[in-house]
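Quick one: this structure, given as structure tokens, is what I'll be asking you about.
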Amino acid sequence: MIVAMLERATEEEIQNVVERMIEIGFNVHRTTGAVQTILAGVGTPGAFSHDDFSVLPGVSEVIRISSPYKLAGRSFRPEGTVVRFANGVSVGGQEVAVMAGPCSVESREQILESAKLVSAAGAKFLRGGAFKPRSSPYSFQGHGLDALKLLREAGDAHGLLIVSEVMEISQIEMMMPYVDLFQVGARNMQNFNLLRELGAVRKPVLLKRGIAATIEELLLSAEYLLAGGNYDVILCERGIRTFETYTRNTMDISAIPVVHKLSHLPIVGDPSHGTGRRDKVPAMARATVAAGGDGVLIEVHPNPDKALSDGAQSMFPGKFAELMNSLRIIAPAVGRTI
Amino acid sequence: MIVAMLERATEEEIQNVVERMIEIGFNVHRTTGAVQTILAGVGTPGAFSHDDFSVLPGVSEVIRISSPYKLAGRSFRPEGTVVRFANGVSVGGQEVAVMAGPCSVESREQILESAKLVSAAGAKFLRGGAFKPRSSPYSFQGHGLDALKLLREAGDAHGLLIVSEVMEISQIEMMMPYVDLFQVGARNMQNFNLLRELGAVRKPVLLKRGIAATIEELLLSAEYLLAGGNYDVILCERGIRTFETYTRNTMDISAIPVVHKLSHLPIVGDPSHGTGRRDKVPAMARATVAAGGDGVLIEVHPNPDKALSDGAQSMFPGKFAELMNSLRIIAPAVGRTI
Amino acid sequence: MIVAMLERATEEEIQNVVERMIEIGFNVHRTTGAVQTILAGVGTPGAFSHDDFSVLPGVSEVIRISSPYKLAGRSFRPEGTVVRFANGVSVGGQEVAVMAGPCSVESREQILESAKLVSAAGAKFLRGGAFKPRSSPYSFQGHGLDALKLLREAGDAHGLLIVSEVMEISQIEMMMPYVDLFQVGARNMQNFNLLRELGAVRKPVLLKRGIAATIEELLLSAEYLLAGGNYDVILCERGIRTFETYTRNTMDISAIPVVHKLSHLPIVGDPSHGTGRRDKVPAMARATVAAGGDGVLIEVHPNPDKALSDGAQSMFPGKFAELMNSLRIIAPAVGRTI
Amino acid sequence: MIVAMLERATEEEIQNVVERMIEIGFNVHRTTGAVQTILAGVGTPGAFSHDDFSVLPGVSEVIRISSPYKLAGRSFRPEGTVVRFANGVSVGGQEVAVMAGPCSVESREQILESAKLVSAAGAKFLRGGAFKPRSSPYSFQGHGLDALKLLREAGDAHGLLIVSEVMEISQIEMMMPYVDLFQVGARNMQNFNLLRELGAVRKPVLLKRGIAATIEELLLSAEYLLAGGNYDVILCERGIRTFETYTRNTMDISAIPVVHKLSHLPIVGDPSHGTGRRDKVPAMARATVAAGGDGVLIEVHPNPDKALSDGAQSMFPGKFAELMNSLRIIAPAVGRTI
């Protein structure tokens, strides 16, 4: 921690800050320049809030030097994390992982048809929602356990891994037999109780960035999972909220190279939620792969016009197959395959 | 719903849209101008997604006309809602409600001292956190049930109502005997399962705006509570995330007159979280009252320098009393008392 | 400047950074902790870019310590700046300054009528636009020199100072005889050539914050004026762009206390542009004064329904007089008069 | 225009709105539903402000139906615009255009060396700044006319077209003999006087999106150029301001497919300003091409460490050549060549 004092700070104010830094466990190096005094705190103090120093008399600015996450930081595992699954598929390695399927599981026929078509196009994961709390109290809310069973059946029938969203601690145990990858949605990125429980689970977690979350906050949420002992974490960029209203969110493609620099964790992109409109999905899926993303998560529906949720952002099967072909052309540009 | 067709839309595309509008229950009025066709859907169709229309061939734009919330809208109760509490205190009426206290309940002594001082200064509610999931996995997490009991004791001792945050469905029942007002935090504003449960509770709820939530989304979350039968809802502005980094959030004071126009629900301001720094709290508390806010929610601590959480944004007792005096001067400017 | 090195930085990388810091004129203090090395640069080097250091090998983070503005900083003039005008009116002193009038000067009758009514209500400045480049190429563009003459006439007739926007260097000389306060609009906040010229002028400048400008950038733009020798600068908050779309901009009321802490310059609020709707103006004008603003800039039109520009945000005369009365109640809460 | 009346609007209020719509030239279609009345204005009225209707008594919402730009809209030229240059190079056609070079022209040697290396790597345009107003008043400000001459010499020596930024109307004539493409910077995107002058020029213009500008505002600024008779307009995405602070701006890659849908104008990406850091440039340049961008604008410097401006975001020559190779792999995925 660095504390820059105001130019007009008194010696007494400086001493007060120094004492409090020492009190919480810092070694303090003092640098007095022509205009101001700078205090560098070195060492590993216990938990404290930088803000508490920023409001002390005579303080101009408090700067955190070390990143607030440790286990999620690149230096913890410089070679990068590869999340490996039972069937040999992995995320974060040579291959770009494709996860696809409908927003929600609507029927046995729908999910089997979805699994068949995304598998044929080259996806390795089947996505599908079982629980669907919606922003309006008047909408379809998901089929729950039945949906999970259908997902598993469809996945097994077509050799696909299953990724589905967990929304509450109480659902974890119910989902365990049916999913290969727990998805934590954007709204739950800072549901720390849920993260703590998932940290204790021995299954990989796909952690989506909240629409108002900085990259640092995303990594801090990942830290919760890692701190609990679950190192199989995959991050996901799915759009942030900005002033631009034409797209539902602004997909922050630059988060991909940034995460790759700051962290060892793989990161995939979700262009369906990132844009909210199916006609924008292919461009943003291609951008994700071109920027070095470790995978894509795409909504595909056998019949988007009849989808019970998110139809507008679900791709038609034919368009999805075309997209896969273009991704195969791009992957080698970043030294990957698909 | 209004559907504006593209200038180049074909008659077939227009017919297709008309048919789908009728299918879901709209009466359709067609207006054909020199350049484009506009379809106005009138009536009360079932649940559907406007986005689904926006991706149909030939469609330029889809515009929702009626607001997505009904019960939370001003026209549902044009005279405005006044939330009344057992001891005669109310929020949304003539008096500006002051809710104050520490971020978390730390000890019996601390909360009793807090209650005494905020009561003496004129507050009617004592706030204090019992559960404290934090953004870092390495921080103080709250005293739970013990904290609730201490809050109640302190409130009763000084004639204060109790407001405290509920973070999970499982906490509702535990909190019932101890709190007068359930607070839903910004991160849970779209935790729809929690909102649904609170809709069934017979106690008022203070619903905080999420840092990335529009005012419309805030009202839609309130709709969940009202739809469940709980009409005693108080909204709270506590800052939104913007590009400005000097303050932790940007407190959107204009949300106060906007909510008063769009909804019948009262709205209070939380300048402590809205700014994150105690030296900015008085200015923003005054602005809240001057803008017509129905109350303020302020962090005050007997000894902020020793607070276990949020010390930097907690006010010193003396400063809080000064602030109360200035609020008393302002209230008459908006026809209120304090 | 503080340079925090990566944990894995080599001694060679550290030496390279040290040498470059010395090269540009810093004295370097090196602090080596258990995990990383921190380099503090002290002294007053010439112009350089912090970013250039951030991309050097082995660097984790570069932190600017001293603020990039000097003359605009609070420590340059701790007692605060009071901008004084010929007729004894001042901004930044005891009295809250009220500036009011129509968006544009439309006719002699309109501006005389405006001057009369704002003066009667207690305003000390008459505002009015002479040049109106609009975001659509198809709109009213202002009456230029004629408008300036009418402004002066109207101001003199009613004892009002004149504030009007300057949009190009070429307009400065033309405006000099007619205005008392040059307004720089939000879009020109970073028009550095214009600022440089205005720095050489011996008339006060009202500098509006850009809709995407941080408070620091606003102060850096003020620095241009001060560096040119013009110390009579008044800042103006008029709303920033955020994700909220209900209001045209989000007026950042907290910028008022922040500017008062960081700078000695006075700051006024413009609730007309800050909200874009006349029914939100009174609440935000009151909030501005309650937050400690040094003045308000308000659009008032004798007949808003017939205004050639910005009619929707212009107040009716009667409502403006009412607002003035409520501001008179609030001012004493912050130790001011009106 | 659609005007949705409030549920509680009186017949008198409705009539008043209808009359005003007719007054400005609309034909009005009235639709009265169970809950509210909707007024659809059809026809081509003169200039007016939608906001003026939104504040009329009884009005709930006013919705603009037709886009505010006409000439920039896709329907004006559905086949898309290809901007053609003297030497046969074009932007918006089959080939992805690469524009590269240093931030500013520093010396004859530097710009000749730059031209040589970017040409060798496959660029078709040489970029370089002659005028450099900076956000700090204490920085390098550009070499002006001398820089323009050097750019032309370097371009001619290596068969490159010249793109350089124009910042004021007075510079247009001076630049005419030296540049092939006028660049309008992000800060000038809404400098409507400058746009009007460039509309009268017979040379292509590269219009950068402002950091707080919506896509619609970008197209409205392009409209100024087209309305003036200059149809050779190339748009440029270079990052918008968001809450994320790790990158200087958030490059909005989704603006590329959005612009392609809404407009016939080509759009290129500027990953150098979009990220502010050279290590993020390759990922975002690749994303630009993968998303269907018509070109990229990249800062390359023979010796970035010694650059007088923007060194941190300038690529090293070797890295730029590598990037070009990866772009050549990606282009076929979107049916393009490079």
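We call the chains A, B, C and D, going by the order they appear; numbering starts again at 1 in every chain.
Everything that follows uses one rule, which is that a contact is a pair of C-beta atoms (placed from the backbone, for glycine too) under 8 Å apart; a residue touches a chain by one contact, two chains touch by 3 or more.
Everything numeric in this text was worked out from a predicted model, so none of it was measured.
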Contact tally winner between A-C and B-C is B-C
How many angstrom lie between the CA centroids of chain B and chain C, rounded to a whole number? 31
Just how far, in Å, is the C-alpha centre of chain B from the one of chain A? 27
When centres are defined as mean Cα positions, the distance from chain A to chain C in whole Å is 38
Check: chain A positions touching at least 2 other chains come out as 212, 241-243, 245, 279
Taking the touch definition from the header, please name the shape of the chain graph: line, ring, star, complete or other. complete
Quick one: which bits of chain C touch chain A in the complex? Just the residue numbers, please. 2, 4, 6-8, 27, 29, 31-36, 38, 40, 42-44, 61, 63, 65-66, 75, 78, 241-243, 245
For the chain B and chain C complex, residues of the former touching the latter: 212, 214-216, 240, 242-247, 250-258, 261-262, 274-275, 279-280, 283-284, 286-292, 326-327, 329-330, 332-334
Counting only contacts in the complex, chain D reaches chain C at residues 47, 49, 51-52, 54-55, 68, 133-140, 167-168, 187, 190-193, 196, 210-212, 217, 220, 223-224, 227, 241, 276-279, 305, 307, 309-313
